[in-house]
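Read through the structures below before going on.
Each of the two complexes below includes chain A, the first together with chain B, the second together with chain C.
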Partner chain A sequence: MQLFARSNRRQFGATAIAASIAALGMMSVSPAVLAAADTSAVIEIGSLYEPQNLDNTAGAGQGINEAFNGNVYEALFALTDGGDVSDALAKDYSVSDDGLTYTITLQDGVTFHSGDPLTAADVKASIERVTAESSKSSRKNNLATITNIETPDDSTVVITLSERSISLPYNLSYVWIVNDAATSITDSEDGTGPYKLDQWRRGSSLSLTLADNYWGEAPTNAGVVFNYFTDATALNNALLTNAVDIITSVQSPDALAQFTDNPDFTVTNGQSTTKELMAFNDRVAPFDKVEVRKAVARAIDDKKLLESIWGDYGTLIGSFVPPTDPWYVDLTAVDAYDPDSAKAMLAEAGYPDGFTFSLDTPDYDPHPIVAEFIKSELAKVGVTVNINIITANEWYTKIYQAHDFDATLQEHVNHRDIVFYGNPDFYWGYNNPKVVELIKQSESSATIDEQNQKLTEANKLIAEDAASDWLYLYPQIVVSASNVSGYPVNGLNSQFYAYDIEKSAE
Partner chain B sequence: MTTIELDRPARRSAASLTFIVGLILVGLHVAIALLTLVWTPYDPSSTAGGRLEAPSLLHWAGTDRLGRDLFTQIMIGSRIALQVGIGAVGIGAAIGVTIGVLAAFATRLLDDALAAAFDILIAFPTLLLAMLVVAASDTASLWSAILALGIALSAIVGRLTRILAKRVLQMDFITAARTSGTSWPRIVVIHILPNIWPTLMVNFALQFGLAAIAEASLSYLGLGAPPPNASWGRLLQEAQGTVYTAPFGAIAPGLALLVLVIGINLFADGLRDVGDPTRRRSR
Partner chain C sequence: MVLFALLRILPGDPANALLGVGADADQIAAARQQVGSDLPLWQQFVGFFTSLARFDLGTSFVSQAPVSEEILARLSVTVPLTLLAFALAIIVAVPLGIIAAVKSHKWYGGLISVFSQLGIAIPVFWVGILLVTAFAINLRLFPSGGFPRQGWGNPADALRDLTLPVLTVAIVMASSLVRYVRSATQDVLGSDYLRTARALGSSFIEALLRHGVRNGSVPIISILGIELASTFLGAVVVERVFTLPGLGSMLLLGISQRDYPNVQGVLFVSTLLVLFIGFFADLAQRLIDPRLRDRSRGAAS
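Here is the complex of A and B:
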């Protein structure tokens, strides 16, 4: 599961829960172009996230999910851009009454790019690739309840669990189905997706062409090329000069000015799952007091902060849960901006003259400027902030591992990551037994409704406890040439399905 | 005190134009820096302005992303630049002059070793050396930046001091002082330092400009004064992302740095003209 974003992303093990009912309807890009799509067009995609290698169990980074999930590799289930889990290579599945046995039937007529047919043995091998000792997949722990995988025939997989796991289909949406004959996939691939790898030029681009005999619906384009850039300005210029057709994620509203007023480009504003937050160390004084945390949350004008960083983009959130998670409820009214009550609460908590704390701030944008804003806001209620700038590595060792901090800033990128609040050993040390219990129970829910209800309750509790101060949700901004449409706009978990992208002839 | 008599009467002649212009520019920065101690147009942490406002009568240099007044930030940046300049040159001078003089007096072997050490340190780019020192200290702070630059500059000062001191040591009056039994610390204080001082001062002024630029570079890289210190380098770095929409945010601190460095260089040039008779004669 990814905790860091951008170049500083790193993978950590963690438990996610899942399975879903979409909270939002599918968001789609309305094609502004009436001209007919050119199915022979190759879509040039510009991205900042080049994968380190091509194997998602070998520490390849978020770039490989962007390029390969759903495009080159498919899973038994797919996470749609709207946040739903839908069937993919699984044609159908049934769950036993005790919730411990999943019987999955595979789609017919699926072949790998090498020509081998998909069999149940491939599925078993693929799941075992992720759960293997040597696997660096951060999803490993999510599949720890799997005790046995059986393959009674070529098109049936039976998965046995040690305890109920309502999120199994969601978690399986991250398990690429790879041909079991493929030995190493760090620089080649053998998947079942609509595209196959054409060429990977390290440091430059990764091109995908149409796979032969694809079992599903054929893509609306003739291939895609991911062009990798290390510099956002260079990437923007590439779009301006038509060197690329689309940018997967724009990271600053100020770069958008060049595109918003120009009819040649379309700017779409989707919802990311990336949350900017000030995480208190809930173990240590003064942040072990709920009133202090609530007071600090009330003293910071999140709306002004969001406008400062993102202009007209982005969303305010009242807790850790973004609108694309099924257990979202609008909690922005909890501890809304109110400096007067913040002062009163501080006095009540025994800090009438405020206090001083150190804010460990990662050295890359937007954290330093967010820290300055917080310092200025908290000064108004008598709280002094010492900004301590640290590198991403220091963050990992000092905060994530050693828990040696008062408060820190971090962006959390994952979909469905409220489960972190159910782990008292997580870096922020939030420990509310009721939340821990709810999150634990939610995973063994018999129905998705029950899971949603439990997590919604946990969501409300963490907001009431001001477990952290959730500042805002990043927007997911995709910019394309105006003759290109059909791309995903939410970018959940860095995925970027390319098969519906259309480019009309100009 | 014995000073080498070189065209002494002319020394007090009218200061050159470059010297005066330099003095005015540097003086302006010093005045602004001192002013920030008691007054700034806005509270530097006040976020009352709009996002990225253009320069106006209210905000002379516009505002940054958080709505803070940039002119206030640049004024404070002036103070930080001077602090770093004075601090770094002070440390560089203290270390450099001490070791340089020691080298001049040392045995042949030690002298050679120190000279080689200076050369090796100088061969390292100043900025790289400063980055190493900052990296070695736990957290980046204004003081770690000052210390880092001071150490980097000390090699240049040390080498110059050593050469100048050696030249003075060859003079007859030193031999006279030695024969008359003057102790070497006394020779340093009453004979050597007064004689090498004018040249060193010019060098310090030049180093000051270098330190100001180096601090801006370090801050730009995130290794200098941490936020909320409004170092010019940090202002430049923060303005980088918004350079298309609000170019003045990058231009203003850049201009301030340019003016200070030009001022110091003119000042140093002028100082050399006043202090160095050979140059003045050639005019």
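Here is the complex of A and C:
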């Protein structure tokens, strides 16, 4: 039996408190920064991602992760803002030597917001909600190896797998633990988190207040309100006029200047997992040829593109893997910008005079600008691009489902999503048996090191094959009023833990 | 029916809004079944029609909330916004329009005409952005957008949030109203009855108020009906600029998500309201002008 003892994420909260208490003693140093946190303050959060409903297995969208993960619902494990997996409702767990049986002990004294105590049966029901036939969770397949869930007593859950799944704790961090007595949670909730749902006014805001009898450490604020905007400018205006305290993710580069030069605001540049890419349809000519894909990748100056969109923000990437994934290696040198060799490679591949293809471009920022840039870059090597603007909904039907495209632009937001390249049926149709095998094997690794090593190798292979053209990694920019602190800066998987946010009295 | 056809012509599928990248074929099929987009078109049409006949607007595909409840909640924003703007526009436009006509030779008469032309020329969203920049960001007098969580539970806050949107709509609406009022007044000024009234000893102002306003208002009211209806529908733009949870933003979101029940519900309710507005405008005209009443009575007998 291997035993993993991990620190509880609450300890980070404790450190933050200790730091602010220490700060109280030194108030004379810089009162503006070190003013006492006002625990009765309600934090007004501004976001562009309103959830569509409140059930993450019923197609609620990324907004629900932002508002509810870790705040209203907790999972057995939690993905920290730093990218580690820590214990949450699981007090600790052990794995059998063959890696097929996970025995999880639950935290004591946990109650749902309705007052019911947390039991192993709730955990079983919650996992089954995600793996159920009607589930729309994008993580459903990751849990397909679960064959059986047993509950020998109220505080123990035993999960049996058909094959090793090293990422199980990570994948379980997406599984909300919901009271099994709750029937529908599309417009209500019954979780165990530090906040409970107060009110959701569709099209406007979602407010959370402190939960009674929370088992862990109480939040450093009295509640949070997510205010939803459809227009980035309106959101920025709200922050400028103090209607909101913080913006979870700034998506309009032009607007940043008004905050960076202003002492009333703090701009934080964290690590994002959102990748902007041009996905080729690797099934069809000419992109079924590796040389053509590599040539196109070399013909586009990613650095210039990133600078023209984000200025000094954002990161260049050489593959699909962002620096926060454990299997990251710097691959920006593979197929770096080199238009001369791009031309030579095109000629070699049988396209000395270039070719024409159509680029399906989602109609929202930054895709249309990126498409124009690609068009002008590729024109220099003789390749003609026809830009075809489509809506997000159309994209899903035409490209994701029907695979009816030459190339497309898309932003991929998730953490650890290199696994998509291990699925030959995925929309981009990349099929390298070696990569498929590596990604499959990596999941059945016995150790984390082995998993990392296999995925690093797969990562290098997809870069060598130019499976797609990875243009850049979005920056994750959080802007807040300067009296607000303690918020997550990385926003991995769109999560936004609100319990450590502090607002000092001005 | 046109509605039904137009929505289905749009490429895309309502099931898409429920799924993310990573969903497999089974999940896609299940989602399509849930929203009914896997059924043949005629079957969808029959379903749509029978529920409409029963005034059952259904539940949203995406949020799974009843459409009628959601529409009611959002009407509590859009209706006050439209009515307040409408009232403000009338209060401003009627006197200005009359002045512009009566004093068309004076400098301020001309000025009013110039401004009303300008108001018609600039788009609503631009007026909104200008007002936000001036009154919200620079002067900090009013919020730049949003609506209180409690809705009208706190009327003062709700009114404060609606100030700029109402102003935006009112400015644009008043600009075109001024022109109608002005030309209606000009017609009245040249009329025989006004000259007769003056000849019988009324002062100019008295004659205008007593005979002119009543006569001039008949064509204005039919214009008002149309203006009110178009403002109501035009709320889409203003609600977006000011992030108001109204009917317009519901429509916009519904279209982008292909959430047919929501779109159909909003359009159904707004069509009904527009028809009502037209009906009341007609009624008001009859009340004001006895001649219209007599004519319809005569036709009926």
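Note that in this section the second predicted complex is superposed on the first by the 474 of 506 C-alpha atoms of A that agree within 3 Å, B and C clash if a C-alpha of one lies under 4 Å from a C-alpha of the other, contacts with A are read in each partner's own complex, and residues count from 1 in each chain.
By our rule, a residue touches a chain if its C-beta (ideal position, glycine included) is under 8 Å from a C-beta of that chain, and two chains touch if they have at least 3 such contacts.
Just so it is clear, the model here is predicted, and its values are computed rather than measured.
Student: In the superposed model on chain A, is it clash or fit for chain B and chain C?
Tutor: fit
Student: Let me test your reading of the model: by the given contact rule, A:A58 touches which partner, first (chain B), second (chain C), both or neither?
Tutor: In the superposition, A:A58 touches chain C alone.
Student: Could you tell me if A:N69 is touching chain B, chain C, both of them or neither one (first, second, both, neither)?
Tutor: neither
Student: May I ask you to decide whether A:T230 touches chain B, chain C, both, or neither, giving the answer as first, second, both or neither?
Tutor: After superposing on A, A:T230 lies in contact with chain C but is clear of chain B.
Student: Report for A:S272: first if it touches chain B alone, second if chain C alone, otherwise both or neither.
Tutor: A:S272: touches no partner chain.
Student: Quick one: is A:T192 in contact with chain B, with chain C, with both, or with neither? Answer first, second, both or neither.
Tutor: It touches nothing on chain B or chain C.
Student: Between chain B (first) and chain C (second), which, if any, makes contact with A:S468: first, second, both or neither?
Tutor: The answer is neither, since A:S468 touches no partner chain.
Student: For A:N281 in the superposed arrangement: first (chain B), second (chain C), both or neither?
Tutor: neither
Student: After the superposition on A, what does A:N141 contact: first (chain B), second (chain C), both or neither?
Tutor: second
Student: Looking at chain A, does chain C or chain B touch more of its residues?
Tutor: C
Student: In the superposition on the shared chain, how near does any CA atom of chain B get to one of chain C? Answer in angstrom.
Tutor: In this superposition, no C-alpha atom of chain B lies closer than 7 Å to one of chain C.
Student: Which residues form the common part of the chain A surface touched by chain B and by chain C?
Tutor: In the superposed arrangement, which is not itself an observed complex, chain A uses residues 390 for both chain B and chain C.
Student: Can you list the residues on chain A that touch chain C in the complex?
Tutor: Against chain C, the touching part of chain A is residues 52-53, 58-59, 61-62, 133-136, 138-141, 184, 186-187, 199, 201-205, 207, 225, 227-231, 233-235, 237-238, 240-241, 243, 390-394, 396-398, 400-401, 410, 412, 414, 417, 420.
Student: Touching residues of chain A toward chain B in the complex: what are they?
Tutor: 252, 254-255, 257-258, 304, 307-309, 311, 361, 363, 365, 368-369, 371-373, 375-377, 379, 387-390
Student: Spell out the residues on chain B that touch chain A in their complex, using ranges where they run on.
Tutor: Per the stated touch rule, the residues are 45-47, 51-52, 65-67, 139-140, 222, 226-228, 238, 241-242, 244-246.
Student: Help me check something: in the complex, which residues belonging to chain C touch chain A?
Tutor: 11-13, 16-24, 26-28, 30-31, 34, 62-65, 70, 73-74, 129, 132, 136-137, 140, 143-147, 149, 151, 240-246, 249-250, 252-253, 256-258
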